[in-house]
């Protein structure tokens, strides 16, 4: 059990920017310390290292997007989903992720995206899955859509040059793009499923079995932090520039994700189903086995 | 036709400054054949490179055809002392000889003929398709000579061109050089360290002093124009000329040794 | 003897090429003084172009910051300790990785280059391993060492090692046979042959190899930081990218480039010293 | 008979060590439980089923096409610029820091800038490949040209070779052993850059597939892809040696003759 | 002491197979000084390389000190025809001469002395700190000779070692070689293409035929052991020997030409 006098040091990797700021905020507010944990946060620039790092024991916990976690699980990687990360909002015109088109683009609505070339940061991952799901929900034919892989930072310039028809961006690029006249035509997360669980924290199965108390403490810390942000969003926005490389103006304007105490099993099974449908996994992902006890309601 | 005036050349760098040539002035008339002799290291190669426009003099000047030399003049061929390195190892012997002719824009048939003839003239009939590195030292040197001859230059500079060939071949080549010279009216400057050769070949012999180099002496070779290896070399006048030049070179070296000793005494 | 420079050789065909050293004006000291400003001109020219391209609207300044903006941002960063920590992280892993790669590449290269049997035996394995990109070793590196410096080192050493190895092998193979025969006729031992004949011949190749390895190592250090998220300039670039701080991205990119220029200046200086006898250098040093 | 024997030994040399390593790995990894280091057998299975199947046309061929174009561009640029820089000291002094500057910029951060100018298609990837492969060619060309024997140059100048002939007949052949050292090194770098270029804005290709497999945790397939990369490099290097043996026949002969 | 038996060497490759040496058998007693002459390209360098253990014969064998040569034998020094390339451009002249002495594990003082003495002996006092490529051709050649002398070998092979030096220096070096040979009892094989030199220097002259090469003739030089450039060369016996060898070489070349013509006629 976590010794209250001497906190357990936890190495954790999370995506740079707002997701990492979440952990740092909780750490700063002492919400993890209260659970006897001392977080050592590594902001993973690229996501490539997080899950392998967790499996090999370099990190005790790691934050990744839900699709990647499910993918890893479907391939038999010994990991467990221990806590939720970010969630989409439930507003269909305001989320931290959107498909943008150029100012003078002939595309005016989601329907026009049929047969177009869309940039996503990673192919066969959460971007194209949710875009397809959202478009299908609107009855758009997705068979002719061509996805191109492009880094988030490079998308606006490429869109500007007309080299892609649309780009799936996340914050801060969504706000930045809208300021420059780019228009959102689709909110893939919200439109595929309101309050979609986008991020997840994982640990290795071995760790979950051996250190259930630490996992539980971590879950409590995440829940407390989510609660703190929900009750004082302005406080989090003010803290953002001190935590990550976000300018104060952007911190005030940008659309933030939502955090919750527990995983949303509906989101997970929705995602697993779509992944099977679009051929990312060969069907069965055993969510019961994947989700650690205490992670969901 | 070829004038060297007040030529001085100082090499510097790498912690060693050498005044290779101090002050050279001499002149060759068109169609003249002069031999240049002098002790090893006195600056013969340096002088030749300056005349060929490959090396800029420290002071003084060289002119050919009345024009000041700034780069290699037209219609001049040079046979280098480092014959081995002047042949291109990536080409066959034939291609080595032919390449300058291509540059001269001669037609193919003429080129082929010149290549075959000049190789035959230096006693290499059957190596056209060999690579230079498949030949012995003496054979390589003869290829370099053949290349210069095939070029049909008006001015020919040769730097110890027979150093690596055997006596018999050497005699043959000496006669070849004289006959080519006579036939085409070439202006020829020939560096050698063999005094007999200088007398046998030249119309004039220029003797350089030891370094720092000046023209120590010039000897006009008043032997008959038609020369013969046995007859000419046994002439009394030949022996006299030979002795005179030997004497001069001996003095040149002695002087330089005396100089050095004097300098050391002072130091 | 050949200090390549351009001198018109007069009359019919002006040939611009290697001239004997003596045709070059000026003394050694004079030339060295001239060397730096000329290079600076080149860099300044580049910076001017980069200033103008976004300014005249060839590319939107939102994507390609003008030089002045980059310089301003860089000036701001230089005052921060975090900048220097990032530089240090990169430089340290670069230097350690390079040293390991150079030593390993040289030793193995000399052995393989001078022992024909071993060279033939290993050549196919080398050709197989060499084109495998360091980046594809990321999962292995992370698995073994996490985002520790050792991960970066694995990538750096793997990539830089081949650069040195191949150059040294080619060099060891290029020893002048007359020079080698001379050594053998004086019964120089294997070690003496290596030290006095093979090594000097390899040296120019080695220097090229080190220069190639140095920049590949720098590239891999930064790429590793970008991909794995190990601390250093690459990570700063990634973070700046993901927060859309464009001038900052370029400021770090420029820092990386300048590091490369420094590395090369150093390599050139070493080269001028150790290769002063070589035809490629001696013309430049001699008056 | 001796011909047969020679062929047999040279074949033994080529496959000998790789075979030993392969067998060692096969038994060394048999029964591996590490997710990231699967057994050789699993890797070979996926090599046979996956890579030698549909991926050959879908991923390997497009990669090869881009590789060929990028390498060719690098060779032309590298030798051309290298000769220029090697021959002229002023040019070298002006350009060297600029070139070094670009050389030090990692391709992954150069890519966004390249995308600005060359788009996200094949052109961009060809440029990325060329931008990395050009350096060993350039550097070796510069050094090769600078080390041309002064006597060989003097000879050419004496015979008043035109600029063209000087380049074609003297400078390039003389520098060719070192230029080939650069070309050889560039070959494997081009393959590496092919992989890196396909990490951006790609929809197919060997590098794209490997990264994709890595990200979707298809580890045996990923390793099989890496093996394909190695095989590719191996085959190309044999092709390269074939060309090199012909172009540098004189140099081989020279060295062999002098060593015989 | 040095035995060559049935030596044959065939060069192959690059579409050119040359039987450089067909069948050579001869022998040198310990302390003997023999000169080897023969037409250019007849295989003198090839033979020397086989003796030095640098080239494996196609058939036949060489033994030194009664031991079959498989690699360079101990206490043997070689002066190469390609003197320029046998000097290391990365070392100063002094270091070039000193290197083999280091390998011989001589102490520093002794090495320094040998370097200074041997360079002085070949007339190069002040170039110890220069690089080989800063020297003239003849100076480079003398450095190569100095290196061999400093090594104090028991067997010395010299391949046209005086090709690039001037007459005066050459005479001095000839006397130097003889005095060193006498003083240290070296076994010396000296390749030259200068017949006078061969007679003046050698105790015996071995004449090789043109390629494919055999020993055409051997001449014992029955001149007094103490030789003098002027006196010895003017002896009647000297002229006789000279003529005899000249005759032999002439024959050798003629034979080869006849051979060739015959072969061509057949073809």
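Which chain is which? They are A, B, C, D and E, in the order written, and residues in each are numbered from 1.
Convention: a contact is a pair of C-beta atoms (placed from the backbone, for glycine too) under 8 Å apart; a residue touches a chain by one contact, two chains touch by 3 or more.
Chain labels with UniProt names: B, E = ABC transporter ATP-binding protein; C, D = ABC transporter permease.
From a predicted model like this one, the values you see are computed outputs, not experimental measurements.
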item: Graph distance between chain A and chain B, where chains that touch are linked; value: 2
item: Intersection of contact partners for chain A and chain C (ABC transporter permease); value: D
item: Chain of greatest Cα-centre distance to chain B; value: A
item: Most extensive contact between chains (C-beta pair count); value: C-D
item: Where chain C (ABC transporter permease) and chain E are represented by their mean Cα positions, the distance between them in whole Å; value: 47
item: Rounded Å distance between chain C (ABC transporter permease) and chain D (ABC transporter permease), as computed from the means of their C-alpha atoms; value: 17
item: Whole-Å separation of chain centres (CA-atom averages), chain B against chain E; value: 25
item: Numbers and ranges of chain C (ABC transporter permease) residues touching at least 2 other chains; value: 1, 9, 12, 15, 20, 63, 138-139, 143, 178, 226-227, 234, 241, 249, 278, 282
item: Multi-partner residues of chain D (ABC transporter permease) (each touching 2 or more other chains); value: 36, 112, 116, 149, 154, 157, 160-162, 214, 219, 253, 257-258
item: Sequence positions of chain A contacting 2 or more other chains; value: 48, 52, 55-56, 151, 153, 157
item: Complex contacts: residues of chain A adjacent to chain C (ABC transporter permease); value: 13, 16-17, 42-46, 48-49, 52-53, 55-56, 58-59, 151-153, 156-157, 160, 172-173, 176, 180, 244-247, 250
item: Footprint of chain A on chain D (ABC transporter permease) - complex, ascending; value: 35-36, 111-112, 115-116, 119-121, 200-203, 208, 212, 214-219
item: Interface residues, chain D (ABC transporter permease) side, partner chain C (ABC transporter permease) - complex; value: 10, 13-18, 21, 36-37, 86-90, 92-98, 100-109, 112-113, 116-117, 135-136, 139-140, 143, 145-150, 153-154, 157, 160-163, 166, 171, 177-178, 181, 184-185, 187-188, 191-192, 195-196, 199, 207, 210-211, 214, 219, 222, 225-226, 229-234, 236-238, 255, 258-259
item: Of all residues in chain C (ABC transporter permease), those that touch chain A in their complex; value: 60, 62-63, 138-139, 142-148, 225-229, 234-235, 238-245, 248-249
item: Chain D (ABC transporter permease) residues within the chain B interface of the complex; value: 149, 151-152, 154-155, 157-162, 165, 169-170, 173-174, 176, 250-251, 253-254, 257-258
